[in-house]
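Okay, here's the structure, questions in a sec.
Should a chain be cited, it is by its letter among A, B, C, D, E and F, assigned in written order, with residues numbered from 1 in that chain.
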C-alpha cells in the first residue's frame, strides 16, 4: 500500500517531522510517499493562509494521486479536504479530522493543544466543519513567540506538557491532541508526562488512511462527493486543470 | 462611497446580472465597481470549485481593495470570505452571508432555493459556517440540467417560482432566498408570485456593504481578524503576495 | 425615507441618546422620527419589564406606523418584535437583533457588554430567540450600581472599556456589542480604546432599517408572518385595537 | 392547597373546559381557583396575541396571587411565564412547559398536535424557549377552519385522532401532546384511539403545580429569578403596578 | 397509591436516607415501598458501575413492579431507565430526570452539585441523554475523599453549601440540584443557606411519580416504548427472564 | 496483533458472520479471537436488551481481555462501551462508533440503514451518545418481519439495497452504513448496487481496533477514563468481580 503524505506547507523540515512520526506507526506493508508544497506559505496559520494552502493541496493531489492508494493532507486544519474528496477517486484523509475521530475512540472529550495562538481560530472552524463541537473540551495554545518552526517542538516541549496537564486538570479532557504538523512526533516523546492518552495528528492520519485504503470504499457516483462534471478552468496548475477538465492521463481514468 | 463587486466566477454575463440587480437598490451616493475573475472556473458550483474561487477572490481583493470603501464577494457560498476579512482593512461582505442575515430580519426561518442540485452541499457548508442552521427551513434545488448560465434565470423562472411556493407551503419558510449569482434580479421579477418576502443575494450584499461602510468599524488589531503578520509566500499572484508580505503600496498602508 | 425610532422605555433622556447616535450614521435622505413610550417602565431591565415593554412597543407602532417606511424597536432585547412583525406591513427591526447580525459580518464571535448585571438573563433569552448562540462569546456586565440612567454612559465609560478589553483578551471575541439604549453613542467615543470593532445597537438598527426599507420586501400573505385575521380585543390601546380588528384608517389599509 | 388556574384568554367557555379537565386529576386536598382574563383576546393564537396575553397574565397574577400556593398560566405557549416567575413568590407553571416536561418522562420524543395551523409558529418559539427542541418529533396542526372555539374539541375530535395516529406512525413520536386550552379533556376521551400516551396540558400543569407547591422551593433572592427591585411604572393595571413598585398589601409582603 | 423506591445500590443506609427525604414530601395517600439492590455495587459512581446497576434495576423492577402504581429508580444517573420504560407497564421515573425536569420549572438554568468528582462524567452523559444540555449551568463536585457514604451528607454539608453558593455566583445558576442518593434530605436542611431554590432528587422523583400515576398514561402499544416482543434469555434473574419471555404471573399480564 | 471480537449476542451464527467479514479486511499480521455471549439475548434489539447486553459485554471482556491487544464490542449500538473503556487497559472499540467515525471520512453525512424498525430508537441513542447527530442523514429500517437472524442478510438483500438507494436519493446521504451484526459482509456483496460508499460495521471496527492497537495510546491515569478504584461487588460474574475489585491475575496487573 502506498500513501501520499502531502504537506501543503513549503517547509521541508516540517515534512521531515511528519515522515519520521508517520514511519513509527505505519504498517509493515505501507510505503509512505512524501511531498512538500512547491508554492504557498511556509506554514499555514490563518484563514488566509488556508485559502492558499487549499489550492496548493489540490495541486499536489492532482500531481501525485496516481499510483497511491490513499492520501493524507498533512496540515492540521485540513485545507482543501472537501474539494479533494470530490475531485479524486482515492480516499483522502485530513490530519485534523483523523486526530479528532481517533480521539473520539479514546474518551468522551478531547482537547486540542498547540504551540501558537494564531492557529486557534482556524482550528475552531475546522472543528465545526467536522461537527465535533460536542466532543471538544477546548482548543488551547501557548502564548508568546517561538524561534523557528523547525525546532518549535523541542523549544516548547516543557511548556506544551504543562499546558496539556493544565487542560486535563481544569477542562476535564479525556484525551489531548497535540496539534500542528511541527509537533509531529512529540506525543511519543512526552506520553509519560501527561496522564491521559495523547494523539499525534500524522500518526492518526496514517492509520486512518491505511484503514480506508484497506476497506476500499467505492467512489460515489451520485450526490455530493461524486466527481464533478468536466468544466473548463483557467489560471490554475496544469495537473489540476487536467483533473477538472477530465483530461486524465490514461492510467488515471477510473 | 465606492463598493467593489468582486465576482469570483470568470463569467462576465454573471457580472452583468449582478450589476443590474445591485444598481436597482444601491443608495444614491454609492458607486459600484464591478470586477470579473481573471482566472478560475466559469461558475463556482462545488467544494473543489470553491477552493479555486477562494484563491481567486483573495487575488481580486488584493488587486482592487485600494480606493473602495467595502467589498462584496459576489458568489453565493462566499469563497475566501474569512481569509479576506483577515487580510484586508475594509469591510468585506459575502453574498450568502448578507442574504441569510437580511432574511433573519424578515421572519424566523428562511429557505434557500437555487437552480442546480450541485450547489446544495456547498451551500449547506456555508450555512453551517455562518452558524445559522437553526434559522434555515432547508436548501432546495431544481432537478435537471439547464441550457446556459447566462439565461438560466429566464429558462427556469417558472420552475423556481413553483419550487419557492412549494417550499413555503411544505416547510414553513417565512422568507425565501433565491440563491446563486446567475439568479440576481429574479427576486424583483417574481416578487408578486410568491407569498412571502424574497431575498436577492447581491441586493442584500450591497445594502449590507453600504451599512458597514457607513458604520466604519475599526479594523481589529488583536485576535482572530487582525491582519496577519508579514510572511513570505511563493507561487501566488503578485498583488496577493504583496499583501501577505506587508509590501503594500504607499496608499494602502493603513 | 422616514424611520420610526420607537423607544419603549419612558425615559426621554434615553430617546435623546438614541437620536444623537442614530443621526451620526443615518443616510443623507433618511428622516428619523423619535417616539418615547407614553407608559410602562423607565428602563426595561428584566423579563417582567419586557412583558410590559412588549405591549407598549405594539401600542407605539400601532399609533405611528403610518407614514414611516420602517421602524426600530429601540430597546436592546427587542420587546414585542415578533408580534410587531406580524401585525404591521412595514419592516420592523430590533436593536439587539440588528447589533448581533451586524456583528456577524465583522468577525466570527461577538461579545455583548453592558452596564448592569440585571440585564444579562433577558439578553440571553434574546440571543437564543435569534438563534445566534453559536456566534456569541458571552454576555458580560459590570457589577455594582450606577447613579442615573441618563449619565450611566459617562459614569461607567472607563469600566466598560476595561470590561470590553478583558472580554476580548479572555474570551476570544472578535467584535464587541455595547448593549443597552443608555449606551448609545459610546462605541463611537471609545472606539480607539478597544482593539476590535465595536457595534452600537441603535446605529446598527438604523442602517439595517434603511437597508430593509430600500429592499422593499413584500409583506407575507401566508405563513407565520402574514397579518393575523381580524379579531376582537378589549382593554388594549385604541390604535392597537384598531390594528387587531382590521379597522385601519383609510391610509393604512394596505 | 389552592391553585390558581389563570386563563389569559377572555373566553369563559375555555375556562370551563380547563376546570373540568383539571378537576379530573387534581389531588383530593387541592382546591382549584379559576380566573378568566378580564381583557385581551378571546383566544391567543399568534405572537401578537401573546404579547397582549403576557401582559394580561401578569395582571391576573398580580390580582390573585395572594392566598394561593401556586399558579398555572393556562394557555399553551405560556405567555408571560418568565416575567411571572420573577415577579411573584409562589411557583408559577406554564401549560406548555408542564405538558412538555411531563411528556419527557413518558418517552424520548413527543409530538405536539393542535387544531389550528396559526398556532404552530408560536408553539415553536415556546419549544425553543424551553430548550426542548431535541425531544420534539414535530408540531402538527389540522388544516382548515373550525366553527367555534367552545366546541372545536368535539368538531375536530376525529380529525385530531387521525392526525395523532399519523404523527406516531410517520414521525416516531413516543408521546403526543394535545395542545391548546380548548382541547382540555380531549386526551381522556380519545386515549384508547391513539397507540401511545397522550398528554393533556392543563392536567399536566395541575400535577406539576401540585408537585412544586408540595416541594415548597425557596424564592430566589439572587440571580435572574429574584424579585426585581422596586421601580415606578405608569399606564399598567393597579395590582401589577403595586407589585412592580413593592407596594404589596400587608399579607403579600413575603 | 403505592410507589416503589428502588435503590439500585446495595447500601441500605442510602435507602434509609432516600426514604426519609421521600416521606417528607409524599402526598397523604401515597405509600412508599422501599427496595435495596440485592446485588451489584455499594454505590454507583462510574460508567462501569452504571452498567451493573442498570441490570440490577431491571431485576428489581421485574421482582416488584406488580402491585405498585409507579416506580422510581433511585440513583442519580438513572441506570436502566430507558429499558425499564420499555419493559414495564407502570410509569418509571429516574431520580436525575425528575430533578432536572423539576428544576426547569424553577428557573432557566440549573446547576448540579455533588460530593465526588468521580460522579461527574456519568452525570454529563445522563444530562445529554435527557437532552437538557442547554438548561444546565454546569456539573460541579467537591474535590477530595469522604469518609463514609452513610455520613457524607453531614461530613460535607458546609463544603457543599459553599460550592453551591460559588456556583450560583459564578455560573448564573437559577436553581441548584444537590445530586446523589446519599445527599437525600440535605436540600431541606440547608435551604436557607443558598440564595436560589434547591432541588432534592428523591423528593422531585416522588412528586413526579405521583403526578404520572395520577395522570394514568396509557402504555404505548406501538413505537419505541411498547413492550418488546417475547424473546428467550439465558443467564439473567428469573423475574427478569419471565418478563422478557412474557411469562408474567397471572396478575401482571396487562 | 490479537483482536478480541466480542459478540454480546448469544447467536453463534452472528459470530460467524462477523468473523467472515472481519477476516476479509484484517491486516496480514492480525489474529482475530472470536467470542460469543455465554448468556443474555439472542439478538440485542431494544433498550432493555442493551441493558442486559452491556453487562454481558463487560463479563466477556473481563474474561478475555488478557492477551489481546484491543477488543471490539461487536453489536451495533455498542452496549457497555463506556464502562469497558474505564475498566480495561486495552483499547475497546464499538461497532457503531467505528462505523460512524469511518463514515465521517467518506462524506459529510451518513445514513444508517438496518433490517428491523425495532432497532431504530436504540441506534438514535447511540448516535447521540457519539455526538454525531449533525453528521447523520437519518436512520432507516425495513418494515415487516424477517424469518431468521441467521439468514436475514440474504432474505432482505434486495430490500436493503432498495432502501439504501432511496435514502441516498431522498436524504442526500453521502455514505450508507449497513447496520446490525447480522448484516456483516453485506456491504461487500452489494457495493456495486449503491452509488455511494457503504460501510460495514465489523470491518470498520476491525480497522479501527488495529489502528488504536498500533498507536498504543496510554491508559488514562486521571479523569473520567482512568481505571476506577477497587470496590466490592456482589452477584456479578467472577471475572468481572475480580476486575472491579482489582484482584487481577498476575499477568493482567498493568
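One rule holds for everything that comes next: a residue touches a chain if its C-beta (ideal position, glycine included) is under 8 Å from a C-beta of that chain, and two chains touch if they have at least 3 such contacts.
Owing to the predicted nature of the structure, the values given are computational and were not obtained by experimental measurement.
Taking D-F and B-C together, the chain pair joined by more C-beta contacts is B-C.
Greatest Cα centroid separation from chain B: this falls to E.
Computed centre separation for the pair chain A/chain F is 27 angstrom, with centres defined by C-alpha atoms.
Spacing of chain C relative to chain F, judged by their CA centroids, is 52 angstrom.
Chain A has residues 82, 85, 108, 120-121, 125, 172, 223-224 in contact with two or more other chains.
On the side of chain F, the complex with chain E involves touching residues 10, 38-43, 45-52, 54-56, 58, 80, 82-87, 118, 120-121, 125, 128-129, 224, 228, 231-236, 244.
By the touch criterion given at the top, residues 25, 27-29, 82, 85, 91, 93, 97-98, 101-102, 104-108, 130-132, 134-135, 168-169, 172-175, 191-192, 194-200, 203-204, 207-208, 210-212, 214-215, 217-226 of chain F touch chain A in their complex. Residues 108, 172 of chain D are the ones touching chain F in the complex. Interface residues of chain F, counted against chain D in their complex, comprise 120-121, 124-125.
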